[in-house]
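Everything below concerns the one structure shown next.
Letters A, B, C, D, E and F name the chains as they come in the text, with residue numbers starting at 1 for each one.
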Amino acid sequence: MKTHHAKRVTIIIEAPMRRRLEEAFGKAGVTGYTIVPVLGGSGRSGRWSSEGQVGLSGGMVQFVSVIRPDRLDALLDAAFDLVENHIGVVTVSDCGVLRAERF
Amino acid sequence: MKTHHAKRVTIIIEAPMRRRLEEAFGKAGVTGYTIVPVLGGSGRSGRWSSEGQVGLSGGMVQFVSVIRPDRLDALLDAAFDLVENHIGVVTVSDCGVLRAERF
Amino acid sequence: MKTHHAKRVTIIIEAPMRRRLEEAFGKAGVTGYTIVPVLGGSGRSGRWSSEGQVGLSGGMVQFVSVIRPDRLDALLDAAFDLVENHIGVVTVSDCGVLRAERF
Amino acid sequence: MSDILSLASENLLSPIILSFVLGLLAALARSDLTFPEAAAKALSIYLLFAIGFKGGVSVAGHGLDATLGATLLAGVALSAVLPFVAFALLRLMSRLDRLNAAAVAGHYGSISIVTFLAGSSLLAQRGVDAEGYMVAVAAVMEAPAILSALWIVSRGGESRFDANLLREILLNGSIVLLVGAFAIGWITGQDGMQKIQPFIGAPFQGVLCLFLLDMGLIAGRGLRRTRASLGMGVIAFGIVMPLLGSLAGLGAASLLGLSLGGTILLMILAACASYIAVPAAMRVAMPEADPSIYLTLSLGVTFPFNLAVGIPIYYALALVARGGF
Amino acid sequence: MSDILSLASENLLSPIILSFVLGLLAALARSDLTFPEAAAKALSIYLLFAIGFKGGVSVAGHGLDATLGATLLAGVALSAVLPFVAFALLRLMSRLDRLNAAAVAGHYGSISIVTFLAGSSLLAQRGVDAEGYMVAVAAVMEAPAILSALWIVSRGGESRFDANLLREILLNGSIVLLVGAFAIGWITGQDGMQKIQPFIGAPFQGVLCLFLLDMGLIAGRGLRRTRASLGMGVIAFGIVMPLLGSLAGLGAASLLGLSLGGTILLMILAACASYIAVPAAMRVAMPEADPSIYLTLSLGVTFPFNLAVGIPIYYALALVARGGF
Amino acid sequence: MSDILSLASENLLSPIILSFVLGLLAALARSDLTFPEAAAKALSIYLLFAIGFKGGVSVAGHGLDATLGATLLAGVALSAVLPFVAFALLRLMSRLDRLNAAAVAGHYGSISIVTFLAGSSLLAQRGVDAEGYMVAVAAVMEAPAILSALWIVSRGGESRFDANLLREILLNGSIVLLVGAFAIGWITGQDGMQKIQPFIGAPFQGVLCLFLLDMGLIAGRGLRRTRASLGMGVIAFGIVMPLLGSLAGLGAASLLGLSLGGTILLMILAACASYIAVPAAMRVAMPEADPSIYLTLSLGVTFPFNLAVGIPIYYALALVARGGF
């Protein structure tokens, strides 16, 4: 089955920044993304876990966005402004997609 | 450590279609996959979020399946039939796996 | 925007092994990873789903770790020791990252 | 008249309606107040279990009314027929295409258990009894409307039915839980009730408040995001249709000879629109229909309308019809 | 005799058993009814906290029975010894290999707190008192069986013990919660009970219904998926073993001189099989063992057997043994 | 004196404090006992709704005290001013830089609703009444401290304010829920209370136990992971600051002429530190500040201090100040 070339971007970011990143995506014209929950993790600031947490402050979420290669820079710029001072792991990888017309 | 070449397929699909996709995978002989929850997202039909939702209708899930490259087409065919008329973002990427004999 | 080359490793592993893998990572000097929840899946031992489960035994989690290519082997060795006798799907793929100095 | 006003204000100023309003306002003001998905689902399991159980206990206590069978049949008929009415009305009032009109229509034959609960609360508060089996009627009204909607769409093209889908619709979690708890309540009767009353009885209203707070949050979020996409015709339909439905319910109840309470509940069931079971089925069977239309209409327009003014109106209508005013 | 029948029917027709049956049927019929994982975990936290607390309060009230220490020891012994019995029986009755047989055996020494609760409910309903510390006995019986199973496997090869694993087993969440709540109940006594009775006391049976509904769903799903893989011998073991266990419990209780209620509870503890703590430990320590065997057997065979017929049998046996019939 | 001791032991040996201790110990011993995130959030929604509602009902019952407006203003002022005190103290006592000191300071002007609840419990137990509107005072004290902290940091560089952030802070879920439930309680009054009392009233203490168990688990986990990174000066601050805060609260309460109960609650509000709303705001507005400092200090040091010894001390101080001892 024929697949088309695209980029898959994942952004792990603090939960309190979720709405801001959604809005930044909106402004940058990135309308396709999916948010998955995160249970815990570890980084330079130590280990953490969302279990039992009541507030947002402890948590993170992961954005996944699949986009056409030519739109990558707009997305990364939007994301970078936000994650610059924040926790935020941004990865980009190549992938194939079905139904390229949707992206 | 030696890794073997494989394909990693992810399918973001509406939660009410989950059982159907599992069955389609079963029929296509794809027995290895993992399903991760989705919190929300955005697409051509706007932004949504699973928070506070009671029914399935609001939600999505993400399938991840790692397979041998020669089995890719069987999987994509099975998936395509289902997502054709549905929401469903399908990506394929290359990866290495440990313990190739398991796939 | 400039991205730097890195490896993205994902490990799907049984929930009761979560703490052990975290400790193995710690010993191997892998301090950056994120854990996402898993809803269900299918493998050689059949289909399962976390819904309604009370204990850990039914569940799995997925680790995602982004690392510098030269650190890959240390991570895989640490992971392999643990998953050797256990369920555990380990994939490695190439990706680009923003802010390489963080990894 | 003053009675109707007191009825309306009693309804509007009850903690459950105010909780809904709080959720609605919070979402419209873009507060970050949200319920975890798991908590919302747990609340709905509790409510379905409790209401089913109580219905069964009530049937065990009062014995099987001769009209039970007839009322169940009437419920099935209402659920199956109302989508056709709704479909015709939508084609008249709005510019929705066949597919979206059919999808919306399916929601209005089916039911919203929370609207039913809000009605039951008002009855309880006013000391009005109702047939215990009305909750079983609610259960049988969930599914037929979906089949009608599928049938409407299938006329215009390929069939939308498949065996899997039928099984899913009929064994839908909320139907199974409602009917199952009803059966348990029936079997265990007053004895069983005594054991679990402190769980499903006394705290019920309070749990309902939290659930309605969540419904308000979701309705508000839906309205905020998709307000624009609903035309005036569609919105008007969301208010006219429940009124029509309630009249159909009133007619059926009169034929059946239901009590005042039973009449009001049947009117409510006919008037309300599904926003849980039907949307999920539509996503599977009519993926091309736009969920933001049917969800926003059902949850953002008809549900609040029924809660706030519909239920008191149906109450008053039932009283008038019985010459009780 | 008629007494035994009334006992059996009283048990079978209680809301908690019927809730389990509802879940089982729903899952076998492939309904999409499910509990969110978080809700199921929250229910289990509630149940463990409540039962532990109540046990502690009861000990605070009745004072420390002279037999407490002896009963705790007996519990540890039963938990440690029963896996050897189970292992021998499995090698005799089934074709499971050493590893899987040991893994299964470990489950039968340990306990299922919900089976214990179902037994306590039946006692409460019949007005039979039991020693308050039996819940502490339940707690100490969770872990030793795991060690026995590891020991059985280790004999045949490399050791399965490591310090981390031991700590995990002993500080397992459910043990800590049960023992901790027991301690809090003991310390705060009747005063503490009064404050939180409306939370942990009155609604308890109702919460238990929902929990058993969920257990039914899980058991049904397990049975549907792995029915085929259990041989007849293994299934027979799942019924014979609890009977054997209950007799061991009966013997121990007689030696200890427990009350009728305490005797029945000790029999239940000896008869039931773990499906929460032990499976998790086995996944870590014996990853090669097949979870679908031990989970399905414990939750799909032994658990329903105990709930439906085992508990009344143990009750009747205890009565007979005490000459009470 | 013996009165103070009995007060302290009554507090320490209450089920809620012991539940917190259980959680703390379990986490320090590295047990795997955890609450699902959704369950913890559901508990907090319940608590906020219940406490807000009860406050509103109490105001509806006792009528509007003339001092309500003044007390609300005093609350805002305390919340806004205490961060400056805290900041100065931190620069004196610790080696935290400006940014981290400001972030920590913001937490101490704001409030912890669970500390407030623990204080209310002790009052209820001792039969001491308090102004019903104190919960509204708690609500208005959440946000101003955040603005003060931002202002402190902004002085030293670029502004930290933006319109989005302000809206988020003021429409924070817990503020909206507390104020909204307060309004509903006020509107529906004793009538509304009667309907939902069995949900929000009687079981409240028990739910609070589970919530404090979870808080203990989180505090313990936090302490275990980041103990090392807090210096002695910072830890000392976490104990001195609440004492200072309580004195400020005592002063304000005396000026306002609050009742004994109201005085103690205002002292508690001034003494406690936020660990939900403020940390989330800090993550957005001061991402460079280290969360492990402010979270561990607030939840791992000040919160247990207040629970265990702070509240009885404030109680005794209030008695002394009123010449009641």
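Rule of thumb we're sticking to: contacts are C-beta pairs under 8 Å (C-beta built on N, C-alpha and C of every residue); 3 or more make two chains touch, one makes a residue touch a chain.
Keep in mind it's a predicted model, so treat the numbers as computed, not measured.
**Q** What chains do chain B and chain C have as common neighbours?
**A** Both chain B and chain C are touched by A, going by the contact rule given at the top.
**Q** Under the touch criterion given at the top, what is the topological distance in steps from chain C to chain D?
**A** Graph distance in the chain contact network comes out at 2.
**Q** Would you kindly say which chain has the C-alpha centre located farthest from the C-alpha centre of chain D?
**A** Chain C.
**Q** Between C-E and D-E, which chain pair shares more contacting C-beta pairs?
**A** Contact tally favours D-E.
**Q** When the CA atoms of chain D are placed over those of chain F, what is the turn angle between 0 and 180 degrees, to the nearest 5?
**A** Answer in degrees: 120, to the nearest 5.
**Q** What chain is the most remote from chain B, judged by the mean position of CA atoms in each chain?
**A** The most remote chain is F.
**Q** With chain centres defined as C-alpha means, what is the inter-centre distance between chain A and chain D in Å?
**A** 38
**Q** List the centre-to-centre spacing of chain B and chain D in whole Å, with centres computed as mean CA coordinates.
**A** 34
**Q** Considering chain E alone, which of its residues make contact with at least two other chains?
**A** Counting only residues that touch two or more other chains, chain E contributes 32, 34-39, 41-42, 168, 198, 203.
**Q** What positions in chain C touch 2 or more of the other chains?
**A** Expected reply: 19, 36-37, 47, 56, 93-94.
**Q** Pick one for the touching-chains graph, please: line, ring, star, complete, other.
**A** Contact pattern: none of line, ring, star or complete.
**Q** For this structure, give each pair of chains that are touching.
**A** All chain pairs meeting the touch criterion are A-B, A-C, A-F, B-C, B-D, C-E, D-E, D-F, E-F.
**Q** Which part of chain C faces chain E closely enough to touch in the complex?
**A** 14, 16-17, 19-20, 45-47, 49-59, 85-87
**Q** Under the touch definition given earlier, write down the residues of chain C that touch chain A in their complex.
**A** Against chain A, chain C makes touches at 1, 3, 6, 8, 22, 25-26, 31-37, 61, 64, 66, 93-99, 102.
**Q** For the complex, give me every residue of chain E touching chain D.
**A** 13-15, 18-19, 22, 25-26, 29-39, 42, 125, 198, 202-207, 209-210, 213
**Q** Show which residues of chain A lie in contact with chain C when the two form their complex.
**A** 12, 36-44, 47, 60, 62, 73, 76-77, 79-80, 83, 89-94
**Q** What does chain E use to touch chain F in their complex?
**A** 36-39, 41-42, 45-46, 49, 53, 167-168, 171-174, 176-177, 180-181, 183-184, 187-188, 192, 195-200, 203
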